[in-house]
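Taking it in order: structure first as structure tokens, then the write-up.
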Amino acid sequence: MAEPAEKKQRAMAPDATLSSQFEKYAAELDATNEKRERLVKASRDATISSKKVIFLIHRINEASKQTLLEQAERDLAYIRSTHISRIARELQGIEYWKLRRAYSPGLQEFVEAATLVEYCKTGKFLTLENLNKTFLEMKDASATPFIINVEDYLLGVGDLTGELMRLAISGVANGQRGVSQFVCSFVQALYEGFSLLFYNVDYGKDMNKKMETMLQNLVKIETTCYSVHVRGSEYPESMIVDSLEQQDIVPGIHTSF
Amino acid sequence: MEQQFESFRQQLDESVVVREQLRSIVSDLDSAIRLMHAALLPLYHHSSIEAIHKAKGHISEFQRLYTKLGEVLKSCPGEYYRYHDHWRNQTQQVIFLLSFVNWLEFGNLLSHGEVESLLDLQQKEFFVDLEDYLIGLCNMSNELPRYVVNQVTAGIYDCPKRVSLFLSDLYAAFRILNLRNDFLRKRFDGIKYDLKKVEEVLYDVQIRGLLNTSSQLASTVQPSTDELMQLQ
Amino acid sequence: MEQQFESFRQQLDESVVVREQLRSIVSDLDSAIRLMHAALLPLYHHSSIEAIHKAKGHISEFQRLYTKLGEVLKSCPGEYYRYHDHWRNQTQQVIFLLSFVNWLEFGNLLSHGEVESLLDLQQKEFFVDLEDYLIGLCNMSNELPRYVVNQVTAGIYDCPKRVSLFLSDLYAAFRILNLRNDFLRKRFDGIKYDLKKVEEVLYDVQIRGLLNTSSQLASTVQPSTDELMQLQ
Amino acid sequence: MEQQFESFRQQLDESVVVREQLRSIVSDLDSAIRLMHAALLPLYHHSSIEAIHKAKGHISEFQRLYTKLGEVLKSCPGEYYRYHDHWRNQTQQVIFLLSFVNWLEFGNLLSHGEVESLLDLQQKEFFVDLEDYLIGLCNMSNELPRYVVNQVTAGIYDCPKRVSLFLSDLYAAFRILNLRNDFLRKRFDGIKYDLKKVEEVLYDVQIRGLLNTSSQLASTVQPSTDELMQLQ
Amino acid sequence: MAEPAEKKQRAMAPDATLSSQFEKYAAELDATNEKRERLVKASRDATISSKKVIFLIHRINEASKQTLLEQAERDLAYIRSTHISRIARELQGIEYWKLRRAYSPGLQEFVEAATLVEYCKTGKFLTLENLNKTFLEMKDASATPFIINVEDYLLGVGDLTGELMRLAISGVANGQRGVSQFVCSFVQALYEGFSLLFYNVDYGKDMNKKMETMLQNLVKIETTCYSVHVRGSEYPESMIVDSLEQQDIVPGIHTSF
Amino acid sequence: MEQQFESFRQQLDESVVVREQLRSIVSDLDSAIRLMHAALLPLYHHSSIEAIHKAKGHISEFQRLYTKLGEVLKSCPGEYYRYHDHWRNQTQQVIFLLSFVNWLEFGNLLSHGEVESLLDLQQKEFFVDLEDYLIGLCNMSNELPRYVVNQVTAGIYDCPKRVSLFLSDLYAAFRILNLRNDFLRKRFDGIKYDLKKVEEVLYDVQIRGLLNTSSQLASTVQPSTDELMQLQ
Amino acid sequence: MEQQFESFRQQLDESVVVREQLRSIVSDLDSAIRLMHAALLPLYHHSSIEAIHKAKGHISEFQRLYTKLGEVLKSCPGEYYRYHDHWRNQTQQVIFLLSFVNWLEFGNLLSHGEVESLLDLQQKEFFVDLEDYLIGLCNMSNELPRYVVNQVTAGIYDCPKRVSLFLSDLYAAFRILNLRNDFLRKRFDGIKYDLKKVEEVLYDVQIRGLLNTSSQLASTVQPSTDELMQLQ
Amino acid sequence: MEQQFESFRQQLDESVVVREQLRSIVSDLDSAIRLMHAALLPLYHHSSIEAIHKAKGHISEFQRLYTKLGEVLKSCPGEYYRYHDHWRNQTQQVIFLLSFVNWLEFGNLLSHGEVESLLDLQQKEFFVDLEDYLIGLCNMSNELPRYVVNQVTAGIYDCPKRVSLFLSDLYAAFRILNLRNDFLRKRFDGIKYDLKKVEEVLYDVQIRGLLNTSSQLASTVQPSTDELMQLQ
């Protein structure tokens, strides 16, 4: 407001001034929107491909286990190197948070798939640290290493419990009765972790809803374990182990059961 | 008009201050509840005595916070119900936790008076609303089916019998109340489903003749009186 | 357990009795409100003095009913806010009616204290909650655009000016309050729309140069002090 | 697994601290906005120069608070948008106030860059998001019909012409933007209604041949350059 | 429970007993349902025809007024003698209330049409008593005279205000400026009647909602009157009356205006 | 017009009086239902004969209240369905209780006519609506799975067979009805789930060869004709 | 203009007529479905061949009604999806019935094309939407656990094996579809629970060594090819 | 079974592809609409012929895009209504633009058939749904009051008469439709308000005797036939 005279003058031809101003704004908005569109697309591709990996895992049986796990790992590597690196290359500085809503769903689904594959392979929890190690060589537009932030990671892990529930139930459906107990302990530990994590942080509706869904999934797994246990309890243990031999897809069941 | 509204502003601001204080205390209460709740989670897989012990450690925090609530309300006598909504949900969860832990230890129902003692609410500034107490009991009832399912999975076969007896007593007791068609009535209807679910578990255990196989195990979970003495 | 629940039943039943009493009184209050409201309807077509006169006749019924409310609450001290929801809406409407009639008569705002006097609420068992008073004022504001529109149709062209001045004072006064993002805040935003609407009517009147044509008529509608004396 | 979750908690806790700081600053911002808004109220009855003058006095408080916001964000570089929701609404209102006052003084649009200068946001830690700027302009547009109506009522008959030209330029300018079906799009649709309302007022003035009767009055309201010099 | 022995016996062949019992129930339910279907159909026909009468009224202009009003009255008589008498003939005794939900919408719409026609013809309110007089010769299945009950009547009258609002606004749209003021007074009186009617009776959501809608309609009419008045107030009265001559469709406007 | 509306008011007021009377009777009916229901609770743990005996003691109270309902309706002939909603829910629960007790005693279905006899409804002022009767049967069906589960738990292994036959007959009988897509249809779908649950219990008993082990116990639960004679 | 709108009115009225026709046919379809469903009920206690035979008798009614649907649609070519909601639910139930009966007879899955043949839908006016076909298969899957439980109760011990093989094939086939998170995916998840339930029954039968005891009985239930020939 | 489901998967995936294609075309359609709309903006201040000319330049883009829509639908014959929601809103806006421009040029209503010709929709793969056409006309009606107000402000005094005649014809035509109480009826009610507003402007112009002063100006706005010839 230092130069009112100049402004007064400008007001005489407001149309031109306004237009040039707004053309600048339009350019900026368009650039952002186009970038957002590209991110949404990359995210959607990452989601679809990750979902396919998850479907693959659900299709595993004793015979196909080795082959399909290898296939899943190759698929994950492919998602990283194509879709996620496309996301990384679009971002720099503040855009990482500004456009998060556009790409976050894809990353979450990727976390879900990656942690599921790791669990099926090793029976262990893929930590955020280890997950981010797989991105070490991926750089964003300003050549900063790309990482998945803790919120997206946790949201993805929240969904993981849904897939684990499916695994536990279809394990029983396919006669692999030990799977459910093994999965149950793991999900109980996950739920406990989440409970303590958010004890003094209110992460709003999203997280509360996810916690509720997790609990529902956990209860479904527990009920499955219960029915396996109760049904099995009528017979001598040897008989059961017999009928279960070599049917497990998750490693380490026998030791834990 | 301005002058009058100036005085209104002061009055409203005062109640805002009270609400801020309450909100801050109740937010701590929330954390304490979540922590105690989390402490009980191991109940669903491993040893329950340790879980109960750990959970009970959080009661003193409840006492501290309810004392603070009482102090705030001392400054606005007669307005307990004006601000009731601030702590209503939390108090119901506190009742749930206390009565659940009490049942785990002693197998009986924590009375309304005992709740107030446990929370150090002897002064009359603050008390536990009766409906909140009853809703807290409903919450406890809702938790029991899951507890029973996990206990049976862990081989504690006498648990469903004990829970089914407790729940049917509780159900009969609630029937004494003249509940109108309101929220409490709906919650009470939930007890019936909990009971039904527990009866089904009992049925599963009974029909397989499992009940007698676990007397030994059971005693280790329903902690002995000696152990409980040490906890207190 | 039975014994304890028997005592709970008594406590719950007592509160049910209180609620029944309140409900019955408040239902009468509802009727009184509707009657007073209906008495004001002629305001929108013919003479307003008669309507005001008739409407004021219902205030004594309000006094009677608020006295009864006070008596019921005397039996459960400190529980005003426990049962607040029972009369909240009705009280807001009462405030609306009283403050509207008062404005019609005197052109100024009925204060919080004046409301309580009009309702004979000098005892401390019962009072008008401040927020209810303010929401009642918002209700009055919401009625004014319709009033102004009908007055102008009836040829009372100075009405919009008076109302627009009153409403912008009221709007400024509400601005003094530190309203948080709650229900009252939303209602207050409504005053702005009422004001805008009244300003548009004032604009219509002004731009057509009608303002000076009605000074004579207006005096017959805003009743003279003499007439009003007789009403009281 | 516990260890893992402990590290998650640390990361999350950091953001909680930032949020607390932001909330406190933004609450002050709210007060400053309310005060500046209140200062503009007299605009609708009496002299506008004084109101503008008084309103502009609050801009320095905005500067102070935005500087504080910038300082908080300096501690978490690149995370402007992580916390954007905290100040979004307030910033849009600030834009509204600044651009409205600017239009009252100079009759033109305050550009995005000028807003940032006015708020002392030359550093790169903090800036005004472009969409917030544009929504702020929509808010200003929404205020103009009421302003025009009141100006015409006060006899300032050239106001609708000026506003209608300004708004149709603004409307055309917004059309340049490639707005998708989102919030901003809806707000922009609102400008059309504002323009329509102003055009109707212009029509009323025009058809009555009032436009030329007020040139003298108008000049007192759109303050002369000299007067404005003194304001700064 | 006086003959347990007989019952015990019956229990031996439960299928047969149950079937014959339920066949009786089925017959009763079917009869009621079929009657209900017929009523719904008759009611729907009455609704459609009444709506057509209402549309007809809205199509009235100065030239067509006489013809169209006569047409409307003929249509109303036809609805009475066909659709409504079909309703009446189905009902007897408790069925009047039992099946009310099935036929009530049609009656309400008929009330709406009949009161609208009467209002356009005479400017007066068709009372329930006078309306029921037109049904004097109509008998229900037990030869009792058929009547419209007060609830259906009032619900129909509630909707009438919506049509009056349309009349007032399109009156202005067509240059018949007096109509709106005349209608306004009428609707104000109706609204006052309803207000006092329900002052101590809570007729639930339905009526409260209808009252709200009535008020909205009334305010719309009042606003229309206002804009007519304000616009007209700028000019000498003679000029306005001039421009209004012989354009009214509602009688008695000039006297009331 | 006022006169007209006065006559409307008279007509409406009459129905208000009837409603008040009905409300009071139905509230007593509610209590009677609650008591009879409570009397049946022991059925799920201990001896059923005593429970049935005690429950039947409440039927006379039902008779008394339905007689009162009939008397109120005598004053407004042909208007049974105008006020139907007042007692609809309660009557469905009464049917549930009566048909359940009857099934416990005789193992067959209480017919519509028998219900009316039991409630002393021979006069034509009052009767049991057919749909209410059918919904009451659905309620009974919903109770049976729980009953079966508890009976088997108590070692009464022939219970599921009897219930499964009864329920599949009932299900087939309902299929005869031409249910449209309404409330009754949904409730009827529930019978299918009840049947499925009972069939699963029967399966459990069958596959374990338990059926023949309990014939002796069963006879003590399904009371003998002699015992039942004494009950009446 | 009038003329044009007169023709519009005709077109709008025509679509109302089409809807009326569809509603009437679909209501008959509902009855036919109910009858065929009822014919299948005996399947759960006694001989299945007769039930299948009787059920198949209703297919010709389906053909008749789908032909009528096709004729109606012939009058409005290309508008299948405009009216799809009218027959969607019913078609899903028809698929359920046809595929269930087919499985009972031949033990394999009725293909999409076979469904259309069975319903005489060779013309292209009418067809079975693919999603409706798949949802119909989910409905069939949901029925199988109950069927298996009842068969085993009736001593047909080889049934669970056959059903479990069929269901796991079906489950595997659905997994090919890459279903996104919508209604169909949820229904597909249900197949897993059905499979789980059947697996549990199979487990019960296997572990008790019952599998080989029933080959003789089983053959009477899965009807021989000769018998089936006669059915067709 | 696998093979069959593989083919199902392909079919489901194909419909996803169709939707993707439609979405992309419709997004272009959105841009074309925005551009044509923008081209019409100058209509409200300066010369209309140029604006009409410029606006009509966008019609070929519509043709191109609707042709593309038709081609996509050619690949899935009979599924127009399956995907109708994708282009419904846009088509209504296109109708609005085309019929508005047509009225500006020729003063009459663009018929349903003419719309389809203008959009090159002679093939039968794609057409304009009748309800969409009618809603598009409502949109045009809603625009006319603003157009009239601005024309009169600009001194084109014969415009209200022309618009009022056109709108009352349109209103009468819609009344032929016997619209039931749905979305279209509500939109049609809006035409009445548009007509009322235009009538008021006409009244203003008439009563001030302005009608004859502008015949000269008017001819410049309603472009002469010669000029229009050149446009085509």
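The chains carry the letters A, B, C, D, E, F, G and H, assigned in the order they are written, with residues numbered from 1 in each.
Convention: contacts are C-beta pairs under 8 Å (C-beta built on N, C-alpha and C of every residue); 3 or more make two chains touch, one makes a residue touch a chain.
Keep in mind it's a predicted model, so treat the numbers as computed, not measured.
Where touching is counted per the definition, the chains common to subunit C and subunit F are B, E.
Taking only C-alpha atoms, you rotate subunit D by 180 degrees to land it on subunit F; that is to the nearest 5.
For the pair subunit B and subunit F, the fraction of shared interface numbers is less than half, so the two copies use mostly different residues to meet.
Chain centres were defined as the mean of their Cα atoms; on that basis the chain farthest from subunit D turns out to be F. Judged by contacting C-beta pairs, the busier of the interfaces E-F and F-G is E-F. If you average the Cα atoms of subunit A and of subunit H, the two centres end up 46 Å apart. If you average the CA atoms of subunit A and of subunit E, the two centres end up 59 Å from each other.
With centres set at the average Cα position, the gap from subunit E to subunit H is 37 Å. Subunit B and subunit G have centres, each the mean of its CA atoms, that are 49 Å apart. In subunit C, the residues that touch at least two other chains are 172. Counting partner chains per residue, subunit E has residues 196 touching two or more of them. Taken together, the chains touch in the following pairs: A-B, A-D, A-G, B-C, B-F, C-D, C-E, D-H, E-F, E-H, F-G, G-H. Taken in their complex, subunit A has these residues touching subunit B: 185, 188, 191-192, 195-196, 198-200, 202, 219, 222-223, 225-226, 229-230, 233-234. By the touch criterion given at the top, residues 1-2, 4-5, 7-8, 10-11, 14-15, 17-19, 21-23, 25-26, 28-30, 33, 93-100, 125, 127-129, 150-151, 154, 189-190, 193-194, 196-197, 201, 203 of subunit A touch subunit D in their complex. For subunit F in complex with subunit G, the touching residues are 168, 171-172, 175, 178, 196, 199-200, 202-203, 206-207.
Contact residues on subunit C toward subunit E in their complex (touch as defined above): 30-31, 34-35, 37-38, 41-42, 44-45, 146, 149-150, 152-153, 155, 201, 204-205, 208-210.
Across the interface of their complex, subunit C is touched by residues 1-2, 4-6, 8-9, 11-13, 16, 77-84, 109, 111-112, 130-131, 134, 169-170, 172-174, 176-180 of subunit B.
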